[in-house]
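Paired with chain B in one complex and with chain C in the other, chain A is shared by the two complexes that follow.
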Partner chain A sequence: MAKSPLIVFEHVTKWYSGNVIGLNQCSATIGKGITGLLGPNGAGKSTFLKLATGQIYPNIGQVSIFGVNPFANTGIFTKVGYCPEQDAFWSWMTGKEFLVNLSLVHGFSKKEAKDEAKRVLEIVGLDDARADRRIVTYSKGMRQRVKVAQAMIGDPELLILDEPFAGADPITRAYLGKVFEKLKKKGVSILISSHVLHEVEAFASQIKLIYRGRLLAEGPVKRIRQLIYDHPHRIFIKTKSPRKLAQHLIIEPSVSSVEISNGGKNSSLWVLSKNPYEFYRTLPKILIDTGIPVEEFQSVDDNLQAVFDYLISR
Partner chain B sequence: MEKQITSTMETHSDLLSNQVILRVSIRRSILSRRGLAIILVQLLFAIYPIIGVYMAQTKDKNIYANGAMEAFHGWIRVLFEIIIFPFSIAIVSSLLISDEIEDRTITYWLIRPIPRYEIFVSKLLSLFFGVALMSIIVVPFNFLMFAWGAQILGEQIYWELLAHHLAISIVANLFFASIMMFFATRFPHSILISIIYLILWEYLIYSIISESAGGGLRWFFARNYIEQYQEFIANEFFQQSFVLDVSSYSNLLILGGLTLLFSFLAVKSGAKREYP
Partner chain C sequence: MSRDIVEPEEARIYGIGYRSWKRSFQPNSKRFLFLTWEEIKLIARPRWPLYVFISLRLIFFIFEVLGILNAPPSGIPFEQYIPFKQFYFSRLINSGSPMLGLTDVLLVFYAGSSVLSRDRLSGAYSLYFSRPLTRLEYLAVKFSAVAFYVLSFTWLPAIYIYLALGSAYDFKPVDYLKWEYLQYLVAVLGYGLLIILLLTSFVLLLSSYLKKGWYVGVILVALPIVSSIVYSILVPLEVQNPSIYVGPFASSIYILAWFLDIDKTVLVENFGLFDATLITSVSYVGSMSASIILALIAVFLGVLFVRIRSLEVV
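And then the complex of A and B:
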């Protein structure tokens, strides 16, 4: 647990009208550094972030950010910048006008607001002619950059970013990743949500896994990676000699079961491994020693959804 | 005992922030294509009765004049003042809030270190600006048409009544706008709610109160001189002068007070609600 928590959730439950549960008895602490909030769509990530930024209030439990109750407490935004998930803008504004207007509302004078807009545009790499174009003409990646830029107005200590990579092109993803790295070095803390681990694992020091409104696991990236490796994997292997390969695999301690699917030319194996890490290490050796050709190899459970399903069923 | 969390972080409050929100709200809701279209529709409705009057004068005046004049006044009073104008106000004032909530652009205001109530005060002011703008453009235009029609038909024009109507229209519609904004901060689909409210108030409640349909808002200012007004209409149409009495000013004050009350409720409700 971090020494000085920035955000604290204590047994927080949030439901929406129609008995839709957003968060369910969620207790979490977000410390300094970069924290990734991971979960599939509808897991409760946005609810978590909206509670943290005081846009909604918990039905049960308590939320605090920098030690204060955030609900309707706009004072927190002297220290917190928030990038919303939704892709909404005032259609007639250019990128620069958008940021200048928000800087003015943030409390900057007219001249300061222009400077501030320029500063944040530079950070996100939009300090060129594109900033003078209307936002509606921007690509998804550029819009994501503008949204991140508006969150950085006022140089906040904590950035809360709701799916900043969603829909962005690989160049924007890489660029924003570097921006977050630089901010981390400057001492800015970031809470970033995503549904893809590899988007955040490069720069996040802590990961929190959230699913169906529950916090399932948390810890350093390494531990989350380990969870992916550790839970039983189903592995699909397409080969012309499924029986021969099955004989060699079934005696391996890392293999729990092997199922042969005979379909003539489409013969294949389904392997269930309780120790995938060990299995992935052993398999190449077996294939080389036996000379069995493999046409296709796929681990269908090597993703977050599989980890969530596994953790839920434990 | 439950731990109490108190705020230690200060928000700033300045005119510049409010100006930005006000400017963006006006640009979005009133000076947008939709806002201008609403004003245009009102102008068209304001022009329309004059066509009938013009047609009437080309016919046998003895046959058509009174009927045309009554229809003309009826059109302005019932269709324009009671239906078209309030509905326009309802749409603009509801959209001013609900549009931003629905497309989530309101989030960009809510995540700035300014008190939430200031956001809604700015929005309310932009709404009042819109109502005043509509009143200034549409209502005098409508009355000019009214006066022109009267001139064509050889009727006397009662400017005091027109001036009184203009003042009443602005205040009554500000009142109406504040109620609509209050609804918009409380309920989703506020346009639907507004229309239901409008129908209830304008046609049902007023019908019960005054035993005649239409004009609920006008009841506030008309109740003290309703007899005069009815007599005025029932006898020879516009054949007697109309004098503004003090009681109508007191009704204006009542309306003003109610406008302030609903404005306060709208701001409070907007500032305290959730934005999921």
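And then the complex of A and C:
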């Protein structure tokens, strides 16, 4: 971890109107490098990032970024770039016009604003043909690229990106991922939120897990991956002969329990496995040996929500 | 089952890149002018209300100028017929400009009601407030844009009438610039500025509170109606200086009269303003009302600034 933290949260609590709690007594320190902020829907990721960029202010506690309180202290944005979760565009403009205008808001002169727009467009891989189209015509992936590009205006040292992959196509995801990796090599720090680990694990070095407005776990990506993949998985199997399959499964050492939910035609099994890796390996063998047809198969624990429920119940 | 494998593009980052970028920002005043101009363009973007307004005004002024040019009855020279300032005053009242007429109220409403709410709804707050731009600067941009836009509609007619009057009075070109006459133009422009600043700050304040633009419109139309009802109750009661009690809407005419130095008897006898018998003097009511308006502007702007400063981009 870096010696001088970029962002510090001290016992930060944030309520929204209607007594909804966004962040609850949250203390965290974000250092240099790429940090992934992970949590299921409604965990408080966006709240965290908005507090860090001074879009909102805490009810209790203190937030500092580069050593200053970010709220209404817009001077920090010479060093910080922010990509909000929601679409925020002047959508009647073309992508290029949008970025030129924002560069002007940033303080660049007319000529330099054009250069700056060109530079960030190149980084996110939007060519002229696409950059000269109106934003209203953009796909979700292109919008995300433009949104990330606007955060890079003014060459910030720290990028704060709220779910930049959300809704983006696989190509955009891969592309932006590569961009982040290269930025990291050039010494740019990034704080990026997501609700799936695999989106960020390739380039993030640190992960913070937040859940229900609190920091639940943090550490290097390797440790967090173990936490997530090494806990029991619940697996849903839809089959015409649930009883027969259950008999075969229950004797497996990797299976802790099997539950049959019998709804006539929609018979299905819920399997709880304490060693999912082993289970996923043996299941195909069992199915082939017994010849039981399976219509549907999914692990519901792929989503973070289940992992978090597991982590807090320990 | 076959599945397309999408090869991710390789990210390219060119040598224009990070860290080495030299920032040279333009002076804040230049940025301010640029942003204000952009905002004015935005205000004027839905073109049709603009065209309707301009054509209404134009038709009005063609009649107005024709009226001025045809006014001298039976060849009497103007100087003997009616003093210049009185004629100017009467024409301004007739044309409804730059009086606090319904047209101006509607124009301010059209220009100002969505200036802040537009940013709130489109998420553009986050675009401004994640840049090195202070909230005071943001507010100043919005305010100047609306005020300038509306002023252009208020000042131009006043200048236009001044010029038309001059030609009716057979001014030589140099006469237009004589302080003897020019003072009245300056007085009228100053009056217009006072009224527009009041309306602009009021509308911006409303639009920072109200979700929908037309709520602002309802309040704007309701205010003069309510104040004229109150006024019509006060007059038969023979309350002294009734217009002071109902605020800017009923008293603005006395401000204009005060600025142009037109006294009470003229208002009653030449303009049929019988309510003027109830006032102590034009200068008293005029100065009182102007002070009230200045105080209101200060209060509205103060509240608006506090609101924007503590505004959260949720």
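Operating definition for what follows: the second predicted complex is superposed on the first by the 240 of 314 C-alpha atoms of A that agree within 3 Å, B and C clash if a C-alpha of one lies under 4 Å from a C-alpha of the other, contacts with A are read in each partner's own complex, and residues count from 1 in each chain.
Keep in mind that, in the parts below, contacts are C-beta pairs under 8 Å (C-beta built on N, C-alpha and C of every residue); 3 or more make two chains touch, one makes a residue touch a chain.
It should be emphasised that the depicted structure is a prediction, and the values quoted were computed from it without experimental measurement.
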Exercise for review: Check chain A with both chain B and chain C modelled on it and let me know: fit or clash.
Suggested key: clash
Practice item. For A:66, select first, second, both or neither according to whether it touches chain B, chain C, the two together, or no partner. Key: first
Review point. Is A:214 contacted by the first partner chain B, the second partner chain C, both or neither?
Key: neither
Check your understanding: By residue count, is chain A touched more by chain B or by chain C?
Key -> C
Practice item. Check whether A:102 is in contact with chain B, with chain C, with both or with neither, and answer first, second, both or neither. Key: both
Practice item. Once the structures are superposed on A, label A:75 by its partner contacts, choosing first (chain B), second (chain C), both or neither. Key: both
Practice item. For A:32, select first, second, both or neither according to whether it touches chain B, chain C, the two together, or no partner. Key: neither
Review point. With the two structures laid over each other on chain A, which partner does A:16 touch: chain B (first), chain C (second), both, or neither?
Key: both
Practice item. For A:50, select first, second, both or neither according to whether it touches chain B, chain C, the two together, or no partner. Key: both
Review point. Should A:90 be classified as contacting the first partner (chain B), the second (chain C), both, or neither?
Key: both
Review point. Between chain B and chain C, which residues of chain A are contacted by each of them?
Key: 16, 50, 53, 55-57, 72, 74-75, 77-78, 80-82, 84, 86, 88-90, 92, 101-102, 104-107, 109-110, 150, 154
Point to revise | Partner chain A, residues of chain B touching it in the complex | key: 2-3, 5-12, 14, 16-17, 19-21, 24, 27-28, 103-105, 107-116, 271-272, 274-276
Revision key, fill the gap. Chain A residues touching chain C in their complex are 16, 50, 53-57, 72, 74-75, 77-78, 80-82, 84, 86-92, 101-102, 104-110, 112, 119, 122-123, 125, 150-151, 154-155, 170-171, 173-175, 177-179, 181-183, 186-188
Practice item. Can you check the complex and tell me which residues of chain A touch chain B? Key: 16, 47, 50, 53, 55-57, 62, 64, 66-69, 72-82, 84, 86, 88-90, 92, 101-102, 104-107, 109-110, 150, 154
Review point. Considering the complex alone, what residue numbers of chain C touch chain A?
Key: 6, 8-14, 16-19, 21, 23-26, 28, 30-31, 34-35, 38, 45, 122-135, 309-310, 312-314
